[in-house]
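Heads up, there are several structures right after this.
Each of the two complexes below includes chain A, the first together with chain B, the second together with chain C.
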Partner chain A sequence: MTALSPSPTVGSRIAHGFGAFVKARETGILLALVLVIVAATVKNPNFLFSSDGFRDLLLTPSILLLVAVGQAIVIITRNVDLSVGSVLGLTAYLTGRLFIDVPGIPVIAVFAIGIVAGGLLGLINGALVAFAKVPALVITLGTLYAYRGINVLWTGSDRINSSDMPASFLALGTQSILFIPILTIIAVVVLVVAAWYLRNQRGGRELYAIGSDPDAANLYGLKVTQRLLAAFILCGALAGLAGVLYAARYGTVNSQAGAGYELNAVGAAVIGGVAIFGGSGSVWGAAIGAYLLLTINRALPILGVQDFWQRAVVGALIIGAIVLDRVLALRQARRLVEARDS
Partner chain B sequence: MSNNTQSAPALELSRIAKAFGAVIALTNGTLALRSGSIHALVGENGAGKSTLVKIIAGLYQRDSGEFTLGGESVDFTSTAQSKAAGIAVIYQEPTLFPDLSVTENIFMGRQPTRSLRRIDRKLMRDEALGLFARLGVRIDPDRPTLGLSIADQQLIEIAKAISLDAKVLVMDEPTAALSGVEVDRLFAVARSLRDEGRALLFISHRFDEVFDLCDTVTVMRDGAYIATSPIADTTVEQIVRQMVGRDVSALFPKEEAVIGGDVLVVEGLTEAGVFQNVSFTVKSGEIVALAGLVGAGRSEIARAVFGVDPYSSGKVSIGGQPVPRRNPAAAMKLGLALVPEDRRKQGLVLETSVARNATMAIRQQLTRFGLLFARPETAAAREWASRLEVKTSALDTEVGTLSGGNQQKVVLAKWLATQPTVLIVDEPTRGIDVGTKAEVHRLLSQLAGQGLAILMISSELPEVLGMADRVLVVREGQITAEISRAEATAETVMFAATHAASEIAR
Partner chain C sequence: MTNFLQALAPATRTYKDHSQPLWRRILFSREAAVIGGTLLVILVASLSVRAFAKPITATYLLLDIAPILLIALPMSLIIITGEIDLSVASIVGLSSVTLGVLHQGGMPIEAAAVVALLVGALAGAVNGFLITVVGLPSLAVTIGTLALYRGLAVGLLGTKAVTEFTEFWTDLAKSKIGATAIPSVVIPIVILAAIFGVVLHLTPFGRGIYAIGLSAEAARFSGIHVERTKFILFMLSGLVSALAGIYYTLRFSSARGDNATGLELSVIAAVLLGGVSIFGGRGSTLGPIAGAVLIGVLASALRLANVTSDVINIITGTLLVASVVATSFLAWLRTKRSRPGKKTETLAAAKG
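Up next, the complex of A and B:
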């Protein structure tokens, strides 16, 4: 939704950039996040101003952020990946098993294997969507259960404990560099790279084009199949990375790890302004959406909202975001028609 | 004109054939485009022009025939290949990405890049501005294409084609939705492209434009090549004769019917941008044809009358009773029936049985205690199936498995079962074989004989001329001519369909 700079002078570029920032869909959601943090901090200063509070604020949504970035990329192409929670669960258990079954395996190898495994699971989704021409909603609902089934079959009643994994690995999930949790640093690096790619590379722009009008994308001669595969592989790989980090952060992994992440990820993307019918939105929005979603969950008890209202608040947030998007879209369509006629 | 019309063709198609299953779209597509020339391709709706264009674009693959580009045989399997070979196609309906900016739409897939393969947005934007300057238009390069007029969208398509440096530019009815000024601007651009030595193919139904812009014209009919002539050596009359080609009055023996009083009265129907001030009547026993080109707004008028689509002003009444707006159920109660254009999507539920489909419109009358039993349904369906001679072994056959002609009969049965007083049929014989076509015509004629008022939309001139008591010609959402059966000929109808009302009056 951000426009290009109209002229090269620095002053006007800054002014324009500021204008675009104020108007951007992501700004509203960022304000909401700030509001929630401020309200919770006023009520209980420890929410932000204790070292634990600050760390939790950054740390808690980091894993979801990774999954939401992948999800946003898939949604931008007018698809959806509901299997990310199951992919996360499988790779988290795989991570634990690698440390148990391959003693002394380097941490970096575990990361690589987790990412590749997630990518392969994503490839299965992508191939089914791109070649079998079945809607992604159906395919990934199927793989959501299938992948979880494999996980249950493999894990059984077994469970990975933190004692099974090396301390240097677990440290990644809990330690900070300059007060910033390592997990958050990893997530933000991924976010920045993804955002840069989507904005500045042909492949990224083509993902938007495909989501905006798949038929037109075919007529343009874009490599639609290839791009869709790439989007699903990337989404799976990010869920795989999230799985490895999940093991590092929580230390225990059973067969139900990551259940429900898919809905949080879709929710984060939608709240962050990624249009569910594709073609618009940004991974920045999805990332802020992920922060808002999980921060609200932590802030509501502090604000004295009872437990059972919390989910309702999240629901209201999602519906509110969709209604807002619709209103904005209608308003923009009207404005654009007026601009044309004048 | 240009001086190199005698050079080898830039693009040549010869004896191209293409079939979609049982439907034959092209039997002999033949066309030779030369550099520095604007070539017109004309033909009736369904003559195979668009299929030919899609083969050139690489969207369809030919079944047989020769396709050469710059003297070399080519075989495109995707639009990307034809694009890379220097062919740009502007389709009837512009194909843009509504969420993306005008600039991105022009350069999608081949954006200029700088270091790290980053898209050079500034260069891209400057190039877009340069293209628009060259075209002499002002379009904000940063705005999304959502909400742009068709004319502006077409200019973006043309900008795209120019930026591709296309050697061959195909324009499929680019002027259908343009105003006079916009057409002039488009033609100026087209001429300058011709003078740069590009080959242009221009498909249009408007003869004045063909004669104004083009230097050569190829006529197609029924999927086959008829003739190519320099524009200077031909006339509108000759082209129309070549387009229509056959003896049209003998095909459909129409029974004489007693024409009674007005049944369907439509007054001043208007919906901004779709149709304006449409008024007409249909009398009992009369078949009135709505003729015109595809996209002229005929189906939209029919749908508005029936209440599927909205209209902002105007009145519709049946036998003096007003028909409410946007309420098809009320229209049905008043005796209106609409056999839609697309029977597979709008006329039938393909996955269900013939019996269920045939009784769909009278379902309410067949229920007992609110439940629908198979027996009355089958009985009602059997009556209509036998009256229309639907060829199917069993009434529980899935409708989707029937032939096009039989499917159309089931749709007709569905609506005739409601015992309407006004029947609107939209393209009643599209895509069905000749034998069934004649049966449908006989049926319509018979129904009129029984006093039914029939409004028939048809793009097939022979059908219009053979069946209709009166022909209303629609052009760009307005009725431009009313022609009686005696005066209706291929030439008069075609002329009215392609000229504004003011020109017809002259």
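Up next, the complex of A and C:
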């Protein structure tokens, strides 16, 4: 590997970095995203070059991006959190109720409460998974039901309307700073911090170790239970943040808010190269996957495909991505065997 | 390829203790607990909920849970091998739309139903191909095909619905056996359940399913065709889901792209509630049936008691979590109690 060569010059470092970028799994998906945007723009220039088009392009996937980042972190530990959509729905309604029941509550407090509430729901998932040693798939399938049920019970046929929430809060969902929507800025900041932590910090690397081989991680003395709890709390907290932002962005919240987000989030992570077995992938990939999913949804009608076919395209993308990953993994394994034998 | 969920299996796996007498083994099994729980709920509901004991309640209850009962049969076999199929509800939708579109195009219902069944089997075969030949994890594959098949169903029909079906068939889907309150749809369910039960419990193929779930590697070395078995199961799952789709369409006289959305969750909940281990290798045919009935009875009793139908979600979810956590907790309790040197007597209780 070139990384081991002594005292790399600046030039070779850049060349190495470029090589790694070209080979990275995320690049392929980024290329697909660019392709979709270009194709849609050629067909209808307003897709990118009108102020609304540009804003929507950045704004629409931001909420899913937050959820997908949390989901990717959980999947990296060889778990999955199917309850994120229900957590998002609960915190979105909680946000509305806070503004109605506590007049004059500061916006920052609502954010804090939303994130903490999401984190607590994540903690329930994490505790059940980590202590009862039951697969996350089953636990979070159960809490997907239970959280949504609590939401419906609480909400009933009630609905939060935009008139219930202060204008300064709603502005967060629609306004931009320097042409970039505030929502997108929040999402990107979270993404960068999460990516940095997973790549460079001990805790982040331990998540990968746990996902690669939970038993080995345990034998090695890693605090598996603690890390799993942290991953689930983080995932829940991000879904909570997404819920608050959902309320700000859409203005109306009913009992079905966020239904189906779990599949989009898992799909985004898988498309972005986060292996469902855990232990590999990055939040960058999941984020680009989220952008690709929702951008395709918006681009299809422009490209002349009826939007009924969106879900089929999403499914085909997921299948395509995992087949690609499998092919790449087999190729890599063959190359390693050849290198060993030669 | 090692199995995804097997890799997660904790050290708490327990096996049937055959030193116990038969009656104890049967009485203290998970299936017995679920069946007992179901009977208890029926008893309490009959006594306390007005109108629950009426025959019409049973009729609608069975009509409602028929698709869950049907799909739970192949689903439990798949989960026993340690895999999972999340795409079943989408196959229900796809077969429903196939039936509707073909019938609208002038094809008689019988022929359209055959095509719908073939489409379902094909959809299952695609799952099976990706899982066994390409070697992908079933969880990821079926999340993908969940979206893909649903997308095809919605794409084919859009927001339209086909509602014109021959009355003979729609009446048949809702009819009852003779003068009893039992709907006719129970007959095919009982026949299919018997077939699945015999195949799972009494044939080499069925024993192979358990062997794969306990250890795919060991099963391969003992001469079981692991890939072929899994492929057949996924295809069966597609076929039975398509059957459920046809029933669903005829019962509501409506073929829509979004028919039965989310049904996969109820099916999996019923199967796991019925004592099939998510780690594979353990379960029966009877347990999931009891699980499906339990969920259905709870739902209908609560609805009659004027509790909003939304509480059912909470109860289903909590039951699911509680049932798996209880298994882990009991196993943990047993390992705590059994210290080295102690006789295995105490180990044996309460586990099938």
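Going forward, the second predicted complex is superposed on the first by the 334 of 342 C-alpha atoms of A that agree within 3 Å, B and C clash if a C-alpha of one lies under 4 Å from a C-alpha of the other, contacts with A are read in each partner's own complex, and residues count from 1 in each chain.
Criterion: contacts are C-beta pairs under 8 Å (C-beta built on N, C-alpha and C of every residue); 3 or more make two chains touch, one makes a residue touch a chain.
Because the structure is a prediction, the values reported are computed rather than measured.
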item	value
First (chain B), second (chain C), both or neither touched by A:240	neither
Touched partner set for A:222, first chain B, second chain C, both or neither	first
First (chain B), second (chain C), both or neither touched by A:289	neither
Partner chain in contact with A:318 - chain B first, chain C second, else both or neither	second
Which of chain B and chain C A:118 touches, first, second, both or neither	neither
First (chain B), second (chain C), both or neither touched by A:200	first
Winner by number of chain A residues touched, once chain B and chain C are compared	C
Chain A - residues contacting chain C, complex	78, 80, 128, 132-135, 137-139, 141-150, 152-153, 156, 214, 255, 263, 266-267, 270, 276-277, 306, 308-316, 318-319, 322-323, 326
Interface residues, chain B side, partner chain A - complex	57-59, 78-84, 91, 95-101, 103-104, 108-111, 113, 116-119, 121-122, 125, 140-144, 146-149, 152
Parts of chain C lying in touch with chain A, wherever the complex brings them together	4-5, 7-8, 10, 12, 84, 130, 134-137, 139-141, 143-152, 154-155, 158-159, 257, 265, 268-269, 272, 278-279, 308, 310-321, 324-325, 327-329
Complex interface listing, chain A residues touching chain B	3-6, 8, 200-202, 205-206, 208-209, 211-213, 215-223, 275, 279-280, 332-333, 336-337, 339-340
